[in-house]
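As written, the chains take the letters A, B, C, D and E, and residue 1 is the first residue of each chain.
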Amino acid sequence: MGHVPLSWYLILSVILFALGVAGFVYRKSVITVFLSIELMLNAVNLSFVAFSYQMHRIDGHIYSFFVMVVAAAEAAVGLAIILTIFKNRGTLQIDEVDSMKL
Amino acid sequence: MPINIDVSSTDYLRFLPETLLTVFGIIVMMVEAALPAASKRTSLGVLSLIGIAAAFAANIAANESSGPAFSNMIMVDGYGTFFRAVVLVVGFLCILASLGYLEREQSQKGEYYALMLFSMVGQCILATSSDLIMVFIGLEISSIATYILAGFLRDDRRNNEAALKYFLLGSFATAFLLYGIAWIYGLIGSTNLIEIRRALDQGTQPGVLAGLAAALMFVGFAFKVSAVPFQMWAPDVYQGAAAPVSAFMSTGPKAAAFAIFFRVFLVSFRPLNARWIWLVWGCALATMIVGNFAALLQTNVKRLLGYSSIAHAGYVLVALTASSQVGVAAAMFYLAAYALMNIGAFAVISHIAQRHEQYVRIEDLAGLGRREPVTAALLAIFVFSLIGIPLTGGFFGKFYIFQAALNSHLIWLTVLGLMNSGIAAYYYLKIIVAIYMQEPGTATAQLPPPSMSLRIAIWASAIGVLFLGIFPGAVLNFANFSAAALR
Amino acid sequence: MVDTVLFIICAIVAIVCGFNVVLQRHPISSALSLIGVMSSLAVLYLLLGAEFIAMAQMIVYGGAVMVLFTFVIMLLNAGTEKASSKSWFAQIAGLPLLLAFVGVLAFLIRAVLPPLAAVAFGSWVGGTAEHIGQLLFTTYLLPFEVISVLILIAILGAVALAQKEID
Amino acid sequence: MNLWLIPFFPLIGFFLNGLLGRRLSKPLVNLIAVGSVAASFVCVLVVLSKLWPIDNTYTEHYFTWIQSGFLQIGFDQMLDRLTAVMLLIVTGVGLIIHIYSIGYMAHEGGYYRFFSYLNLFMFFMLLLVLAANLLVVFVGWEGVGLCSYLLVGFYFREDWATNAGNKAFIVNRVGDFGFSLGIFLAVATFHTLDFGKMAAALQGMPAEVGFGALTLIALLLFVGATGKSAQIPLYVWLPDAMAGPTPVSALIHAATMVTAGVYMIARMSFLYNHAPAASEVVAVIGVATAVFAATIGLTQNDIKKVYAYSTISQLGYMFLGVGVGAYSTGIFHLMTHAFFKALLFLGAGSVIHGLGGEQDLRHMGGLRKAMPITFVTLLCGSLSISGFPGFAGFFSKDSILLAAYGHAPWMFWVGAITAGMTAFYVFRAFFLAFFGTYRGHHHPHESPAVMTLPLVVLALLATFGGFINIPEFLSRSYPLGYQENVGRMAISAGFGILGILLAYVMYVAKPALADTVKNAFGAVYTLIFNKYYIDEIYQAAIVKPLEGISRFVLWHGVDEGVIDFGMVNGMAHLVRGWGSLFRRMQSGSIRNYATWVLAGSLLVIFVLGLVGGGR
Amino acid sequence: MNLLLATLLLPLIGFFVLLLTPRDSKAPFGVALLTTLVTFIASLGLIAPAAENGAQFRSAYDALWVDAPGLQIHFHVGVDGLSLWLVLLTTLLLPIAVWVSQTMITERHKSFYAFLLLFEFGIIGVFTALDLFVFYVFWEVALVPMYLMVGGWGGRRSGPAAVKFFVYTFLGSAFMLSAILYLRSQAGTFDYLEIMSRLNAGQFVLSPTQQLWIFLGFFAAFAVKVPIFPFHTWLPNAYTEAATPATFVLAAAMSKMGTYGLIRYCLTLTSAGAHRCASWVVVLAIIGIIYGALIALIQPNIKRLIAYSSVSHLGFVVLGIFSFSHQGADGAVYQMIAHGLSTGALFLLVGYLEQRRGSLEIGDFGGVATPAPGLATAFMIALLAAIGLPLLCNFIGEFLVLQGAALTRFSWAAWAAVGVILSAAYMFWMYQRTFLGKTNERTASFVDLSTRDWVPLLPLIVLMVWLGVYTQSFMPPITSATSHILDQTNMNNQYQVKLVLPAAGKLTELAHAH
């Protein structure tokens, strides 16, 4: 005993992923919603690293690394998009961005 | 850990199309910086067209020496080559259609063309990738570039909204995909598609967990191809984005996503076939039904085409359900045909819509047949192809898909699918009715003639659609031959 | 023992911060909570022997990305969320679906996943910068090169969409 | 031998007058019209003289008309003694009436049209008579019906004329419905429609007992005959058909076309001999029609209507004759009837012509001085139809009644009483027109020679035609079917004379009596005067309901309501309903969309992970 | 040069040539007329070979069209006695349509002619295709220009009518495509002759259930196209709203596509299915005959009346086909041609009426015969043909159909013959109210038919008489084709023709007994 079962890590990952989803579904500020996506990506990273440990291979780390890069790029683009939204609508309430529907 | 990497020139040749696209993307940006402020930026578009042409040539060359490259990261085979070609043609036509559009909107910028090219890089990678890491990166490159393109006219509220929706939901779905990749990695220890297949064939992993991984990846792919119930974004985004961008989004990224969808599910997850086949069955049916039924009530042409693209995704999913070589070939053919007809339709709409896309309702098409008989006739060809009338690519694709389905004994899916295409005729015909059977409205009355580049795009799409419908043999042969890659 | 304690502490911090991300009504609180999550994850990465990733997590994520976020939040002066009656489907169906999601996945991990190795701190250190670097420039050369296109796109996108604010 | 020439000439006449008549002068039109019939008459004479004494059936095959499977139908014509009689009647009487028409139609518009129709009629009638198989009979059968329609509706600007034309054609179609079914069944039974072959198939077979195929065929064909020959229940068109010009009534609705049913039954005697039940029906319908129509005839005021009902009645006699198996008597009466009824109609036409179109008996009277020739000839005709001994009608009618007595005495009695009624109403009309004082306004005048000459010829035939012994002539094919019986002949003749006397008393001697009688019978009179309200009953029971059902149930109800609105639009609504549901799910809200993605992913995980089975 | 190929491709070539002509000139008319006439002349050459032996496909042309692994599609066309007259009917009708379009179409002539030519290409293809895929392709190719013609020209509500027409038929053909694909998955080829020979040789067998489903698939498409009750509700709208030349080809030529398909494919490929459903189909056909006639009886619009009469007339064709008798089949084919001629002529005349009066409500007419005797006469002739007067074309068809039906089941014929009575009623009633009676102030100035108006009518009238009198010019190829088809049907399915009443054989038995 004394060692933490890997499955705990995985379950933590699941919980964090789910929290990310929850944030996406329940938060009403565009920025928080976007933050929730980052949370989901972090959760996935945790899984990658945990699985890497399991197999003693570092491919998972590479994945995590790439995910971070992607997240950074997404952040740049996403925030730029949010900027344009704010500029045109003067709001960051996600529920008000629904002019196209039905 | 042995370090043996020999990257040969062949590897670079196999990756040449992507490289060329990137290089031209960079050149476009540099040239733009060098251009005097007042000069016209159309030349940038021409430059990117040249880049695409070069990439196309490189694609053919790469196919001559097919095989894996960069330690099995990508796999150049007929299948990949086909989709690369589709993507490149799509990009070419969309840029052609964009030239005049951007001029009209006074948004002629180098970034647009560069982003187009970069997006195509991602799609080409998707078409050829043979490792999930490449899948992820290709998908992101393609998607992020497309998010920006969707919101490219940043002063346009609809563009903003489209970009935001596409971006947030796209990233959300990508997270699922990524989670699926993590699980695959955790279960199998590799993300190489062939390795996954091999491991699953041996069956040492719990099938349930493999199923879970497949399910999460399915969510990601299904989102990208707008399959029910992950289709919600598509109509909103296609409606909101600029028409040439919608044309691009609904064809290029979609074809690429389907390419990898098929590759992953038919190569890697084939051992799980029994698990996912009914899922895809239901998904295909639901996608056809939702797309077609919801489109019945649309009055906005772009939104209508958005729903129609959902429905067409459903047809392609039928081919996936068939999960046979014929099915793959059918899907390839169909996506190529669909790309042409959809780009054509969107291109004509972008012309009719006029400045700031004021005229995108069906009734704005009224009387087009009298005012511009040629444009109208071409639009009619696209619409008939979307309906699936013989002698157009749309028909032959649909025919081939359902034949594949029947060969795999999917009788009910075939019947229901074909019924769906019958119902679909109704909303497409609303366009035809407007063009030919109504008096000209205000929109068509003040229509300036289409620009030369747009005309070329439309004509090329139309000729392509008819060629695929009348002489499907060559493309079909190639598709069939290369579909063998997915075993 | 230390492993367990560390894990539990970090896990609790991560979860609490995660909840905070979801529950806070002001974006800036959510952003700060997210930094908390990331930091505790960095510790967990270290526990799992991923040195490089732990560092990258702090520098890239905690540093660059989150700073960008806070910046934008400040820039836009994003206020507290307003209550909205829209998206009723999300309000109603969200929670049960989430619980089901967590339940199913947790069940699968506990019940179906074959027993995995237990994590012992320092028992395996593969994820040094050297290891990563080697792999990155051999096997993962192509993705590594290609991801530069992504960065390029990000730059382009930021320029294309936010140009006016910049000049 | 070229039998085809016989109908061919009138056909040429039809085409010439029909296509060019408008540009031709009247004499030329006359020449073509009358000439073609005359040529055809000559042709008949030549043919008959060559074939005389016509002991065998002579057949000519021209071309295969229809060939399909086992069924082969030739365009064939044949000639035997029956045909010969018919040919002579049709061409002979036809010629006379054509000549008469020159005078009668002289002042009418559409002169060429009239003659071309008349020629066309001759063509079809001759085709019918000469046909060697049932289908060619049917061609003529329908063709004469068409001509009847065209000629009844000749005054096409008038609604009463076109209504009558439509009625004639449609009622005939109902009959033809039966006729055609008979043909189908005959093909199914005999595999041929040739008279010769059918007869041969039945040769030596016993008569059918009960109700079998043969009876059914015979009855179905008889349904056709009731239509064409105006028998109960399809007689209703004939009185209305008097809307046509009077020569048409004479030719088509008295002398030739309406007798086609009788001819057909005689032609198909081999069949009816094998279907006694059907023959019984024919006889009963015949006798019933005879008496029924005669009662209506008693009360009519329109001179042509009187003759029309008398035609129906006389046709009933003929069917009685052929129904009881005495085919030759039916044909005999057919011939004499052709003479005297044509005469009566032409005489009536002469009266009408002389009075400027007046047809109502109440507006005539005392014409015997103004129109002496018409008076005399019409008297001959009236006596003939009344069965006054010595006149043509006497012989033929009595032969039928004698045959009927041999079959069933009640038929004889009914027939004899009918004869009395016939005599009464014919003479009623005669007396009302020619005796008493003139009650009209137009100045009456005698008709021109071109009209009176035919009257004279027909009067001679009506008077002496009875001496042409048709039963004897046809005895080779048809047994005589009756025995001479002076007593019974006297009875029927007596009824006739009684009728004439009664008419004389009521309309010449004591004119007031008529009204007294009329009032005495009150309700019965009204019933009969209104033709038993049969037209109204048909209208209320068939036509109106059919229209109502078609309009409200089928069109608005089923077609527009159930199928189009209910099923087709209902499906569309269903699809649209689902569509709008899917559309409403598309709420535009990003968070909702994400929730759908979440829900979808759960579903996918369930299906792929848990439902997929296995580990 | 293969004459059939020439007949098929000439309209297509003409179509492309037409596209190059200037819009506002006489040139499109000239090109269209010339093309259709040359096509007609070329199609005359098909008679001789096909008449030699109607059971075989002559002038056949077979070329590999699509060649992909696992999918060979042959462009295989040929003419037998069944398709021969239908092709000729089409090629005859099209020049007429072009001719009358000159005056009856008021705008966008060029497009209309183009669609006519495309339509001709499609429909000739339908009648001659020997490959199920090719058949389907032509089936739809004929539909599209027709849809555009119906919707693009004509009444105010022609658009919705056209859409209904299209969606209805397209939905039907979706089932047919399913059936074709399924058949192919069983037979391994699309080639009709190949499938038949494999079936006959027993190389593959379709179980009765399979046959039933395939039959139903085909039937759905054909039933809508014919149309068979209750799939007919698109027809009155489409016929009435379309411009008259469009109605003309729609009614005269296109309605034969469905019946042709029934007899060509349903009877042979899926004989067991056809036999199993025969009595139902016949019931529907008979309902259609009577129902169409009854509704025609009270129609206030001439065009709609003739439209419903078409439902009735085409019911006869279906009845004939599904009586499985020689007479019925022959009659059905004959009736197809006859209906094409008579209804075609009627619609032409309706067009003339509409030109002169601007309306087709019967109430707006009356007394037309007085100012326009020629028009009235021509109408009467066409009408007489339509109601099946002997010596005119429809009679032969109706007679044989009813005869065939009577041979199979007498009650069928009895019910169907009711339609014959009713046809006289509605036609004559309409004629009376339109042409007869007194003129009113609007009809008094009616202009009679000019020479130009007579030109298209004359060939139709001549043919109506010719087909009615001398059937031997037309019947032999039909008979040999239908007997071949019936042989195949019965070979694959032992079907007893049941007579309700004793046949001749029984009579002779009776005779011997005594």
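Here is the rule we use: a contact is a pair of C-beta atoms (placed from the backbone, for glycine too) under 8 Å apart; a residue touches a chain by one contact, two chains touch by 3 or more.
Keep in mind that this is a model prediction, so the values were computed, not measured.
Common partners of chain A and chain C, by the touch rule above, are B, D. Here A-B and D-E are compared, and the pair linked by more C-beta contacts is D-E.
Note on chain placement: the centre of chain C and the centre of chain E lie 70 Å apart, centres being C-alpha means. Computed centre separation for the pair chain A/chain E is 65 angstrom, with centres defined by C-alpha atoms.
Mean C-alpha position of chain B lies 77 Å from that of chain D.
Chain A and chain D have Cα centroids lying 95 Å from one another. Within chain A, residues 10, 20-21, 24-26, 28, 33-34, 50, 54, 57, 59, 62, 66, 70, 73-74, 77, 80-82, 84, 87, 94-95, 97-101 each touch two or more of the remaining chains. Looking at chain D, one finds that residues 583, 586-592, 594-596, 598-599, 601, 605, 609-610, 615 touch two or more other chains.
Not a single residue in chain E touches at least two other chains.
Under the contact rule defined at the top, the touching pairs of chains are A-B, A-C, A-D, B-C, B-D, B-E, C-D, D-E. Here chain C touches chain A in the complex through residues 1, 3-4, 7, 11, 14-15, 18-19, 21-22, 24, 27, 30-31, 34, 37-38, 41, 44-45, 47-50, 52-53, 56-57, 60-61, 64-65, 68-69, 72-73, 76, 78, 81-84, 86-87, 90-91, 94-95, 98, 101-102, 105-106, 109-110, 113, 116-120, 124, 126-127, 131-132, 135-136, 140, 143, 147, 150-151, 153-155, 157-158, 160-162, 165, going by the rule given at the top.
Residue ranges of chain D in contact with chain B, taken from their complex: 575-576, 578-580, 582-583, 585-586, 588, 590, 592-594, 596-597, 599-601, 603-605, 607-615.
Taken in their complex, chain C has these residues touching chain D: 86-87, 89-90, 93-94, 97-98, 100-101, 104-105, 108, 112. Put simply, chain D touches chain E in their complex at residues 63-71, 135, 138-139, 142-143, 146, 149, 153, 156-159, 162-163, 165-166, 169-170, 173-174, 176-177, 180-181, 183-185, 187-191, 201-202, 204-206, 212-213, 216, 546-547, 549-551, 554-555, 558-559, 563-564, 567-568.
Taken in their complex, chain D has these residues touching chain A: 583-584, 586-591, 594-595, 598.
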